[in-house]
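Here the chain labels run A, B and C in written order, and each chain numbers its own residues starting at 1.
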Amino acid sequence: MSLMILDKGAVAPLVNALMADYRVVGPQARGPKFVFDTITDPSQLRLDYNTTILPPKKVLQPPEERLATFVRGAKPQVETVIEAQPTVLLGVHTCDLHAIQLLDKAFSQEYPDAHYLQRREQTVIVSLECLEPCDEHSFCKSMGTLTADEGYDLHLTDLGASYAVDVATERGAELLSKYGTAREATAADIKRLNEVLSAKWPRFTYRLDFDAAELPALLSTAYDHPLWDELGERCLACGSCTNVCPTCYCFNVFDEVDMSLAEGERRRRWDSCQLDEFARVAGGENFRKARAARQRHRFMRKGKYLYERFGVLGCVGCGRCIRTCVAGISIVDGFNTIYGSA
Amino acid sequence: MATNEKPKVAFFDFASCEGCQLTVVDALQTHLDLLDAVEIVQFREAMTEKGEDYQIAFVEGSCTRKSDEERLHRIRKQAQIVVALGACAHTGGVNALKNLHPLEDVRRWVYGDKADWYETYPARPIDAVIEVDAFIPGCPIDREEFIRVVKALLLGKKPSIPDYPLCVECKLKENVCLFQVGKFCLGPITRAGCGAICPTYGDGCEGCRGLIPNPNENAMKDVLAEAGLTVEEIMARFTMFNTYPLQEAKR
Amino acid sequence: MTTSIYQPEMARLVNVEQMTALEKLFTVELPGGHSLGHAPGQFVMVSLLGIGEAPISITSSPSRSNGHFELCVRRVGDVTNALHKMEAGEYIGIRGPFGHGFPIEKMRGKDVLFAPGGLGLAPLRSLINQVLDERGLFGRVIILYGAKRPSELLFRDELEEWVARDDVECFITVDRGDDTWEGHVGVITTLFPQVSVNPRNTVAVTCGPPIMYRFVLMELLGKGIPETQIYLSLERRMKCGVGKCGHCQINNLYCCQDGPVFTYAQIKGVEEAL
């Protein structure tokens, strides 16, 4: 729509103003790491963060949420609860932006999930261009997520003393004009922006030994690859790789009751295909018992199954699963191993 | 519990520090409605009465003497539901550490020249002696989990405890992984349910809630060795709370 | 109020009937007696508030709906155990029907061979009765049913009726007999030599415990029935029923959406399927 310029000094006042009407969520420090969390003071916002432990999906699909409340007894009643509130999600990197677009597809296809979609509808996304790799684990350049053309309301690029703001939606424009003080970009600003954007690419390296578009075809020949057994030996089945993945959305549903047993809630919580009991039915049969088969499922889902379903790859190259794995399992090394032996 | 009468509940202790019962007492302070839901007829930690008519028995502590077995069988015979309360009853807990040594030596260390006065045998969880319907793991137990188990029993449902590892709870809380700050943790193979309380406060998990089903122990040992622990240090961590199950698994 | 795909409708249990030691038949009525509108082979998510939710196949035929539908349920987990304690007049939550059922339109004009094992009769009964209610539209109807013991045979009245009918070839076997049993003894595959089929014109439908599929499939393929004409109904863990929660995935297939009914051609070589 338009390109605006927001001085860095104007960010804190903008956040402050937003906090009056929105829940504002953005990256902030936690020990030596960063997390997306609710901002209660603009100084908490760290737009210079590298990556976060959990992806911003936690804002759209919380680790745990209420689906319904109910009353038990002779005439049981159940009432849907949608936990959504006006939210501004600040500082989303483009890898995570791509992931959110996949989540949008997953939760809107065929049977739309009102819980996710209403939260999504009420969330204004302000994304942020990455100018440096977050660390040695990310491979966004290989996955084609180093930049994004859509999926945001406002998109920031750091120009040094100011941010260039790509205003992509009406909602974004309103937000900026109502709460912020930005000016229109000049020809000089645009020139500076283009310089910054073209200078960033050489700083990122390709880590996949092949074109990511080949992944689905490559994996379709790799079902019986020896890699899976090797990973199964090393994998602790702790579920961390999927919990930190920005495109994993599997969940478990359970009921909780109060002490009188008269009332309760139906809740859902993130679940993981890496956990031992994920595919076990009540009768006892476990349909994905081996850790090797579970790791294969994860790799296949990221590189093939989700692509077949939604037309986009399930891996955005954020590197979180590699960073979090205490056993040192790397999805990019795994993909390269398969490519190397194909 | 199909009847309208409040189920009668009793608490018992064997070899233990009774800290789990103290946690129950603590839970009663914050969940007063628990006392509306059940009737406690025996609880040495909190009352003097000793009713022998009960349906649910919570048993803390491990069985460390042959003579304890008879008392356990009596409890089993009376109770419709027996719940193992805490690590000692669930896995044998720290009591089973003695099983790594000759029992005669252990007796001498503890009782000196009075050793002959005291009976002992390898410590074991109570389900090695009697059938157990539900487990509340931990050293000590998690009070919220205790409440959840009681509610499940009241609903007539088999109480289920998490079958996934601590890492899940730790990640969902978005804690910084202790391995990433040079510490050690048994979280990847330890049963969740405590809210990853130790890692949340910066201490590595010591496995008090027992191991998850099908733990990858070898990979865990590799990870700990990679992080700088010696074999002795690794075994010390593994055996702290899980001596008995690990020895049984080898049998 | 916002509608959610996770919101169950509260439905009344009209009748509860003990069928075997482990199975009960529940007759369910939706609010106002409105139709479930299911196809044979589909399932519903059954909610017991405070206990949880579980996928249950619909055992009644749409052709006999009468404002009700039926669920044949084995008590095996939390939800089903609690359901077994319920009585007529009480309420359960229902979501659905979900999934792809049996493509009955592709079966018309053909011979249909049903091979249910044990509780696998529950989802197949829906289709069997629909076929019998449109008997003229189908060729031969063959039913080969196996259970572990005589006491575990489901829908005994209907089994007797099917055996008695001239236009149904129904054979029943039990793995182990007892004093009351005068029929065939042996696993389900021992029934297959008793029938010969015209494979090109036969559609086979099977459902049973995982262990059974391999052997039944060998028999069906041995008779020359094409892989595209063999239908299986699979069981998986499900938490949503609508292709979101991920529990029921069989490689890239969602059992709840792409199934639970699959052709053998669809899942052949899919390691996680059988």
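The criterion applied here is as follows: contacts are C-beta pairs under 8 Å (C-beta built on N, C-alpha and C of every residue); 3 or more make two chains touch, one makes a residue touch a chain.
Note that the structure is predicted; figures quoted are calculated from it, not measured.
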For chain B and chain C, chains touching each: A
Distance-to-centre winner among chains (Cα means, whole assembly as reference): A
Per Cα centroids, the chain farthest from chain C: B
Centre-of-Cα separation between chain C and chain B, whole angstrom: 42
Where chain A and chain C are represented by their mean Cα positions, the distance between them in whole Å: 39
Chain centre separation (chain A, chain B; CA means) in Å: 37
Residue numbers of chain C (touch at least two other chains): 50-51, 78
Multi-partner residues of chain A (each touching 2 or more other chains): 257, 261
Touching two or more other chains - residues of chain B: 155
Chain C-touching residues of chain A, taken from the complex the two chains share: 67-68, 70-72, 74-80, 82, 106-107, 109-115, 118, 223, 249-255, 257, 261, 264, 266, 268, 271, 273, 278-283, 285, 287-288, 293, 297, 300, 304-305, 308-309
Contact set on chain C toward chain A in their complex: 1-8, 10, 47, 49-54, 74, 76-80, 90-91, 93, 209-210, 235-237, 239-240, 242-247, 249-252, 257, 271-272
For the chain A and chain B complex, residues of the former touching the latter: 30-33, 35, 53-54, 58, 63-64, 233-240, 243-244, 256-261, 269-270, 272, 275-277, 291, 324, 326-328
Chain B residues within the chain C interface of the complex: 2, 155-158, 160
Chain B residues touching chain A - in the complex, by the definition given at the top: 31, 33-34, 36-37, 147-148, 151, 154-155, 163-165, 167-168, 171-172, 174-177, 179-181, 187-189, 212-214, 216, 218-220, 222-223, 226
